[in-house]
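These notes open a run of structures that come right after.
Two complexes follow with subunit A in common, the first pairing it with subunit B and the second with subunit C.
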Partner chain A sequence: MSDETLLRVRGVTTVFDTPQGRLTAVDGVSFDLGAHESLGVVGESGSGKTVLSRTIMGLQPRRGVAVTGSVRLNGTEVVGASEEAKRELWGRQVAMVFQDPMTSLNPVVKVGKQIDEVLRVRLGMDRAAARARAIELLEMVGIPAAATRYGAYPHSLSGGMRQRVVVAIALAGSPQLLLADEPTTGLDVTIQAQILNLLDEVQGRLGMSMILVTHDLGVVATRTSRLVVMYAGRVVETGTTRDVFARHRMPYTRALLESSPKISNPSHTRLAAIPGRPPNLLDLPAGCAFAPRCAYATDRCRSERPVLEPADEPGHLFACFNPLPVAAGGPS
Partner chain B sequence: MARYLARRLVTLVGIVLVISVGAFYLIHLLPGDPATVILGTGDSPQNRARLYAQLGLNRPVIEQYFVWMKNVLHGNLGTSFISQVPVWTTIRAALPIDLEMIVLSQILSFAVAIPLAMSSAKRPDSWLDRFLGAFSFTMLSIPAFILVVVLVLVVAIKLAVPHTGVSSYVPLTQDWVTNLESMALPSVVLAIGSVTVYYRVLRSDLIATLQQEYITLARSKGISQRRILWRHALRPSSVALLGTAGVNIGGLLAGGFIVQYLLDIPGLGYTLVNSIGLSDYLVVQGIVLVVSIGVIVINFVFDFLITLVDPRIARE
Partner chain C sequence: MTEPLLSVRGLSVTFGPRSRRVSAVDGVSFDVAAGETLGLVGESGCGKSTTGRALMRIVEPTAGTVSLEGADLTAASGRALRERRTAMQMIFQDPISSLNPRRRARDIVAEPLDCWKRAAGEERRRIVDGLLAQVGIDPVAYGDRYARQFSGGQCQRISIARALAMRPKLLICDEVVSALDVSVQAQILNLLEDLKAEYGLTLLFIAHDLAVVKNISDRVAVMYLGRLCEIGPADALYDAPAHPYTTFLLGAALEADPEAPRRGEVLEGEPPSPLDPPSGCRFRTRCPYATERCATETPELREVARGHQVACHFPLTITRRGGAPD
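What follows is the complex of A and B.
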């Protein structure tokens, strides 16, 4: 881990005001991210990982959301900052690669213009310079015939190409932190690896920090140095990617690992599904949120909520009363 | 794109033909006849028959239609039985008034409706949004002929602003100040009707657009909310607005006659109402034809604008 802390997240809680009641999507999440470091945030759908990434950026909807805790990006507090103050950070210090390139690009604006905008409005470039730089960015993210594609509308590009455009937009302001929110969910399997490799490459090349949000542990295995495992809005295990894979203690982490397809498995291996359903965030159980689905749950798990406690390795934390023995967690 | 427009054009020519047939038959169904207007009620049946033969009105209606259509296709709309003025001369004098009224009212409508819709859509259910919603609904339910009377009362009489009338109407090219003075009131009346419709259509589309992921992406670039609204949200939200505007403007061309009649503005609608009263068949037919072509051209133009605004639409 780098000693230089770029992002400091402390006790972040995001509560949505819904017609059905108050919904705590992110509950007391804390972690640090160093410069040039890459962090994976993993969890099932509804575990709060997308909301967490938006909260870190301060990009949550303007109404009906309450955020508490602290997010310091380069020393600037994001939680509670005005929209104007956050605008200064957005694009220049932190940028996001969105989930689904079919919906995240403006359908009626040429893709080149969508990249241009950051350059012209945020960096103050003139029209010609912005155009040249936008084409450069399109080339950098691997779009062939970039000068022609500059004038293309999103609907004439494939999903993979669109996601490359989204990456180019995110890179336009040379941010120090890139938040990639399930950047490959909407893409064909064959394209997924290309986009992930692209993110990996630009992160290294531009010296950015990256938070890679995904439900697929296979995605983060080789691309991140540390992991945060989320369940029902809370961090249930965190540590170096190596420790989380090889020495995880939380049964949920193991369930996630087992549900991720592995190349090394013989073909037609049935994937292990996590039994039960993700919890209803409006009606969480009193104890451990995972207890109803956990094979190891005891009465204590059902009545008392476990907090993060250190494992044997430095920086490795887990929240479980009945942790798995280390030997049992060895992945293939 | 070219094929899409060509296909639309063919449909539109067909529509004009159908309307021309309909208009022709309808006017012959109306009570009243030109011979009475020209000769008065006391004249002999022989004289009436002679006049009928002279005007070609003794022939079957279907034949009259084809004679008229043939002349129209040769660019000849005929000459009024009553005034002996060529129909085209009458239309050419009146049409610019309608066009000016429409252009002024629409500029005004868009200039008011777009910012209002944006301020509503920015914060749906805010007090401003609720107020505008209630206000626009009220205005929407007031018919134009009542608005005219109220505005005349307030503006012309209470505020003693010089108002309009045939006597005071002068063409734009002659004296634009006097012209605009006389056009202001009708344009405002027409604009009020348009603003309420445009505001409501655009507001709901803007609210839907602002929920889109690409608006969040635009926001994440760190650009101002004003820029997000104008550059990112307005265009994708304008498809229904433009469609509505096309229909609405067509309606103004055809339906502006109430305002023109009440304010004595010698536009097409005013002329049409007078000509119907005089059973001036050729003038009525000519105006109906020109107005229907106008309505269709306007819709065509707006359909085309929609393809410019949303490049995805012309694809199929």
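What follows is the complex of A and C.
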């Protein structure tokens, strides 16, 4: 971990005004991210992980959303920044890779031109220099025959190739922070492995920090140094990836880990399913949001919200009144 | 194996006109024994879903036979086909669009009974309530709710109850958990295991997720570009894959364990187009072990260990298994 903090997130809360009422998608999230560090944000649908990454990026609709708290990227405040100020950050300081490479590319513009745009608008390159650099970027993300593919339209590329183009666009401005929101969901396993290896490699080569947002614990297990586990908009546990996997204290973290089938287990291993389903954010329980599904919940859990408290290991925090005992060798 | 419940021989499905013919499934043969779960795994476009649909004749096979309990389904037509097909039921990937949002849970589950006039009145109600309760939907509290009022996981439970209404012998599950959150996915997988034991069901479980397939299957079949690469007992196949493609597929799978070693090399490139599949072995264009022979001669499935068959001229030797308990 680096002592140099690139991103400082403090008490970030994102509230949407919906016809059904106020919906708190992200509720008081705080964490730091050092330079060259990679952080995983995991949670199920509705946990607020995607809204959090968009809030960090400063991407919100103009109306119907209120963001409070602070997001400082390299000392610049993102929350409440003007569109002009955010445009200065986008591309050069922070860039994003979205889930669906089909919809994040413009279908009627050649892929090379979509990379050029960043280079010319953000970095002020001239046409020839931008073209040369765009081809270089396409080569860097592993697209064969890059000079030919420069003139290809997105529809003629496969899903994996399109996601490589999206990564190339994100890298064009040499950002210090790359936000990848479910970058491999919807891709086949062999292609997923290619894209994750690519992200690993460019992160190392360019010395970027990365936030990997995903529902898949397999994606973050070996690719991140720290984890944030979210449930119903809040951080319920955070720590080094190893600590969260092996020495987690929050019952939800354990439930999430144990409910996913593992290749290393023999077939017909009974899964420890979590009863019920993720809560409705419009109608959250008063206490801990996980209490209705938790085997250890008490009256206190149902009436009072637990806050993050330190565990034994440095940087390891959990929000639970009845934490799991510290496992000797780590639970299976 | 005794007389298999389902026997598939040389199943092929092609789409499109002669000039742009897509060979989606090409000469697939396998058996599923009664009471067994066969997992069918592969990447998108490998033909696993088309295989499932062709068994039901939702898409017409262009060649091959499908027999259920010895009776050939490919030869039947009209009412005879429909009647025979009630013994096989299918559950689909998207639970929400599988159900009519404007119908009540109870009526959705009763529809197969109504179609075949199997039960009416009090008996119909008793069967439907029993099925709903069995899949974990309280019939008293939720039976009269509309499909649109249920979450994805609950809709999948109702789809399962509907599929069970005809007391089928074979359940074809096509990516039934891939749209669900992990916590709900585990509930549905456990439910299928319980129902299988209770009703003595036979399952064909089609999915892309290797961990999910291993968890639920007794045997696993791996498909690539319309053909079977390998088929064998789940644990043996995952421990010691014999087909190079299976090795790459397993090597690319991510395990939710930070201590897990990064396994294997990453497979380069992408599958070729099924419009113009490679000659011989369809994996040869990406296979590091491919030789001249792979281009000219199509490998047939052959046995490498008991019940473990592989379609490869140069199967990987089973050495890694060592003295591991079987």
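Simple rule for what comes next: the second predicted complex is superposed on the first by the 318 of 332 C-alpha atoms of A that agree within 3 Å, B and C clash if a C-alpha of one lies under 4 Å from a C-alpha of the other, contacts with A are read in each partner's own complex, and residues count from 1 in each chain.
Everything below uses one rule, namely that contacts are C-beta pairs under 8 Å (C-beta built on N, C-alpha and C of every residue); 3 or more make two chains touch, one makes a residue touch a chain.
Model, not experiment: these values are computed from the prediction.
Between subunit B and subunit C, the partner in contact with more residues of subunit A is C. Of the two partner chains placed around the shared chain by superposition, neither subunit B nor subunit C is touched by A:T148. Touch criterion met: A:P266 reaches subunit C, while subunit B stays clear of it. When the shared chain is aligned, subunit C comes close enough to touch A:V189, but subunit B does not. Of the two partner chains placed by the overlay, neither subunit B nor subunit C lies in contact with A:T18.
On the subunit A side of its complex with subunit C, the touching residues are 44-45, 158, 160-161, 188-194, 196-197, 215-219, 221-222, 241-242, 245-246, 255-257, 259-275, 277-278.
Within the complex formed with subunit A, the subunit C residues making contact are 43-44, 151, 153, 181-187, 189-190, 193, 208-212, 214-218, 234-235, 238, 248-260, 262, 266-268, 270.
Residues 123, 212-214, 216-225, 227, 231-232, 235-236, 309-312, 315 of subunit B are the ones touching subunit A in the complex. Those residues of subunit A whose C-beta lies close enough to touch subunit B in the complex are 57, 59, 63, 83, 86-92, 95-96, 98-100, 103-109, 117-118, 121-122, 153, 155, 166, 169, 173.
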